[in-house]
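Some notes on the structure that comes next.
Chain lettering (A, B, C and D) follows the sequence in which the chains are written, and residue indices restart at 1 in each chain.
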Amino acid sequence: MHADRLRLVEVEEVVRESPSIYTIRYRDDRPALPGQFVMVWLPGVNEVPMSLSYTGEDKGFTFRPVGETTKALAALEPGAPLGIRGIFGNSFKLTTGSALIVGGGTGIASIIAAVEPFSSKARVHAALGARTADELFFEKRVEESGAVLHVATDDGSRGHHGLVTDVVRKLLESGGIGQVIACGPERMLRGTAVLGREFGIPGQYSVERFMKCGIGICDACSLDGRLVCNDGPVFDGDFLLDSEDFGRYRLAPDGRRVTV
Amino acid sequence: MHADRLRLVEVEEVVRESPSIYTIRYRDDRPALPGQFVMVWLPGVNEVPMSLSYTGEDKGFTFRPVGETTKALAALEPGAPLGIRGIFGNSFKLTTGSALIVGGGTGIASIIAAVEPFSSKARVHAALGARTADELFFEKRVEESGAVLHVATDDGSRGHHGLVTDVVRKLLESGGIGQVIACGPERMLRGTAVLGREFGIPGQYSVERFMKCGIGICDACSLDGRLVCNDGPVFDGDFLLDSEDFGRYRLAPDGRRVTV
Amino acid sequence: MSVPDTGTAVGTLKFRNPLLLASGILGESAASMVRVYNSGAAGVVTKSIGSESRPGYRNPTVFEFGSGMLNAMGLPNPGIVDFGEVVRKTRASGVPTIASIFGSSPAEFAALAASMQEYGADAVELNLSCPHVEGFGAEIGSTPAMVGEVVKTVRDSVSLPIWAKMTPNVSDVAALAGAAEDAGADAIVAINTVKGMAISAKLRMPVLSHSVGGMSGRAVKYVGLRSVYEISGRCGLPVVGVGGISCGEDVAEYLMAGASAVQVGTAVSEGGPGVFGRIAGELSSFMSSEGFSSIREMVGIARR
Amino acid sequence: MSVPDTGTAVGTLKFRNPLLLASGILGESAASMVRVYNSGAAGVVTKSIGSESRPGYRNPTVFEFGSGMLNAMGLPNPGIVDFGEVVRKTRASGVPTIASIFGSSPAEFAALAASMQEYGADAVELNLSCPHVEGFGAEIGSTPAMVGEVVKTVRDSVSLPIWAKMTPNVSDVAALAGAAEDAGADAIVAINTVKGMAISAKLRMPVLSHSVGGMSGRAVKYVGLRSVYEISGRCGLPVVGVGGISCGEDVAEYLMAGASAVQVGTAVSEGGPGVFGRIAGELSSFMSSEGFSSIREMVGIARR
């Protein structure tokens, strides 16, 4: 349990990555792997899971202000205290010499931590998708990593006009991709996983579920009996596609099984 | 607190050192120093403090069956379980090139653990005292250690006929003693400490008090505000002679201050 | 020596080993409970279910410290209506399922128990640690009179075994158990969490959003053992021990204190559902090396 | 920033810092208490003293585990007659001395308090966790009615400040504190030990000779904080926090929960009487770095 203990950190910097995307940086020397997350407690407000978009000692997480917590996080000033639990969860693994890494919306925050280290060891295509250009971020980090950047927006304001899964299909069709890694909205993840299976390419998909404990005991994040906080958030594509829940059901905060 | 945690051991051997003296050997790899003690729990009976007469991995303590606990200990067979807490207390220290080490009665059990290692580094005189020859033990260990053995018995059945303090006085008079170390009945300890002061020789004296916790919180073993379990059992001669309690008062199990 | 038999029984219910999943741990979804069973538990207790759905308190709802944790989940649950599907599924998968329920009046407990019986639960476990609406903030399970009344009302409404789960936050847990026995309970479960609270000195505020929570894990093992020992000395019902169990020797200690079975909760956060298989293995080895051939031989032998 | 002022007061009693020695720890001999004071404590609470001398239970009387310990000393004490010499000595050495007493009836408490007043104690602390002879084995301090009666009877017999020490083994500790307040107590002390028990699986028996004992040390800090928080939310008296304190931040947490002073017990086993000086130093550093200039500013700020 030791590694999961609460600790207090100070916000070092609040970076505006795009008009609607913020990154909070803080110092924490615990080692973290791409795809892992922390529970971020904003005292007096709430505690929510956030993937690490920076996994070094200068850690960071990146989010879109959508509700009370994320809006309050975006309004923080340097020096503000945060409670951090974790490093939690499993991670993305590079298993081949050429990976297609896909991020949709705030899912980009999670996969960027894989794009950077994997690009120095393998040929990486990174496909970023968002609703509009304003919600895109980390393109520069992708380019600097050496990965090949692909972009799609729903409204065509940048890159391919349409879904990022269109880009995924095209890349899989052109061949030479050994594995797929993705994080993003569940509909997009499911589309990507279906494509992966169609082309016979193994895939690792990071899914989100409502979380309470983060330590694998409350069952809030259960996905077919697997705990997203502990067994995930990264799951094998075949497990997900064969599960009852993926892309269909999730547990609401009260434990009711509702549609995703 | 970790080092003080209860652990179970098995009696390896019950050795009869003399008609009235027994040693129990057990295995325990915690490092121990001469003069240190353990709390020995005989399940169903009692838990009492015992000095280590063997401080290596094959540990041992040596006692005279005087009451319920020590009689039950003497009757144990190999394989019997014992609870052990500790290694507790401070230890005897060799500070000069020539030490006089004095043991009276079961106090021999404690000082023998100093005689052996100190004899290989300094000139050691070991004076053992007992009421009668039957209660003497460890003479052979003294001889094998290379120390010079002196013996006194109250009834003259072995060695000097009289008190071991007579031997102490003689040795101090002959000179060349740099330090005194002693363990035994409090009257003998006091006598020795008085002689030490008379001759200006620094001394380390191991005292016994009724013990409950062994970890310095219950105050049962208080001697002028010093805790025999934690600050002792070995005290400086000057501290003892200047204290109100040494040789005069002890706390009874109910905390009343009674005469020694 | 032959392999020891780890099978046990709590009243008429038989279990392949003494290890059950404690309420509130991975007990919300059928899939998780089936997984726990497949990982070595002999049965599961569901999350405590109430009349209406509740989202529970806002995060932070848990706080871990060196030897245990505090939680204040706020009894999140889907409500009794939606939970039928879950119980039916675990039963269909062959998992012995004890359905935990909570209410703030005897009648509410009775209605919930009746639904759980209809869903096919093997037993109901009464979570007697909830605030009592008619009382003054005290828990509904904190006096023998209240415990007796709840158990009796439930007894009158269902035929399935009734397990009464005790709060340790009382002066005389054995008296509570006695009241449950007299009112017709079939087993006593002890303990629920110990009331506690964490404060962050730097933030100058409580850590849990609800401020006060329940302590569980290794730090409460000695409270649980004491409760089981006191209860089994006073009451003739089988006792199910809970609190801080994380290895086979812990289970043995509970059995020796008087428990016929145990539940494991917080330890699941250390090794996932796999802890059940590990603990079952350790218990079996302990029995072999200490010469026990059945669970029965161990139950209550620490009482002299 | 200037050096923070660690002075505090519990009612009319002033202390140089908030750290007092808890009852039952090094509180039997005057020499040990003087040493504790000279090591940095602001005052001492004596061992609990009864009408007659008692040797206490047979060993083992303590059991240590990773995050705390259990003890069942059995209230060893020299009896009130012999204890006068001890109180007179600590007072003569200038040590603020709170005399702890235990009894099994209100009249017994009152008689003991009167003796302590005569000996010159600065306050009496009522140890309300002893078996009540007229009751059914429950502790004398486990119902508001019993607590009220004891406090009232003592109030009628002495003028010195009365500190009522609470057992946490109850369902509503704040209600007990309220009863003590109504009956005329001057301060509430919380908590005494949490009832627990250790069993040796290998030996198949309880470890403590008395079987059941009291848990203290780090593992009970969260129970103590919760109790202080609940009490200070319900009752207007100053509260003295006890339980699991081993560093300066622990003290700050108790102050923030509502305590005006604290007591330290089990931590003495880790560093000897020197812990008081260390903890006082840590508290002072904490105050400097967090911008507190007096204890008063911290008391109760975790209540929102």
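One rule holds in what follows: a contact is a pair of C-beta atoms (placed from the backbone, for glycine too) under 8 Å apart; a residue touches a chain by one contact, two chains touch by 3 or more.
Nothing here was measured: the structure is a model prediction, and the numbers come from that model.
Most remote chain with respect to chain C, judged by CA-atom centres, is B. Once the centre of each chain is set as its mean CA position, chain B and chain C turn out to be 51 Å apart.
Our note on geometry: chain A versus chain C, Cα centroid distance of 36 Å, whole angstroms. With each centre defined as the average position of its C-alpha atoms, the distance from chain A to chain B rounds to 67 Å.
Residue positions of chain A in touch with at least two other chains are not found.
In chain C, 65-66, 200, 202, 205 are the positions where the chain touches two or more neighbouring chains simultaneously.
Taken pairwise by the contact criterion, the protein chains link up end to end in a single open path, with no chain closing the loop. Remark: the chains found to touch one another pair up as A-C, B-D, C-D. Of all residues in chain A, only 1-2, 4-6, 8, 39, 41, 43-44, 46-48, 81, 83, 85, 212-220, 222, 224-225, 227, 230-231, 244-245, 251-257 touch chain C in the complex they form.
Contact residues on chain C toward chain D in their complex (touch as defined above): 65-68, 70, 136-139, 142-143, 167, 169-172, 175, 194-202, 204-206, 211-212, 215, 218-219, 222-223, 225-226, 229-230, 249, 252-253, 256-257, 286, 290, 298, 301-302, 304.
By the touch criterion stated above, chain D contacts chain B in their complex at residues 24-29, 31-32, 34-35, 47, 53-56, 58-66, 69, 71, 73, 76-79, 82, 85, 200, 202-203, 205, 207, 209, 265-266, 268-270, 272.
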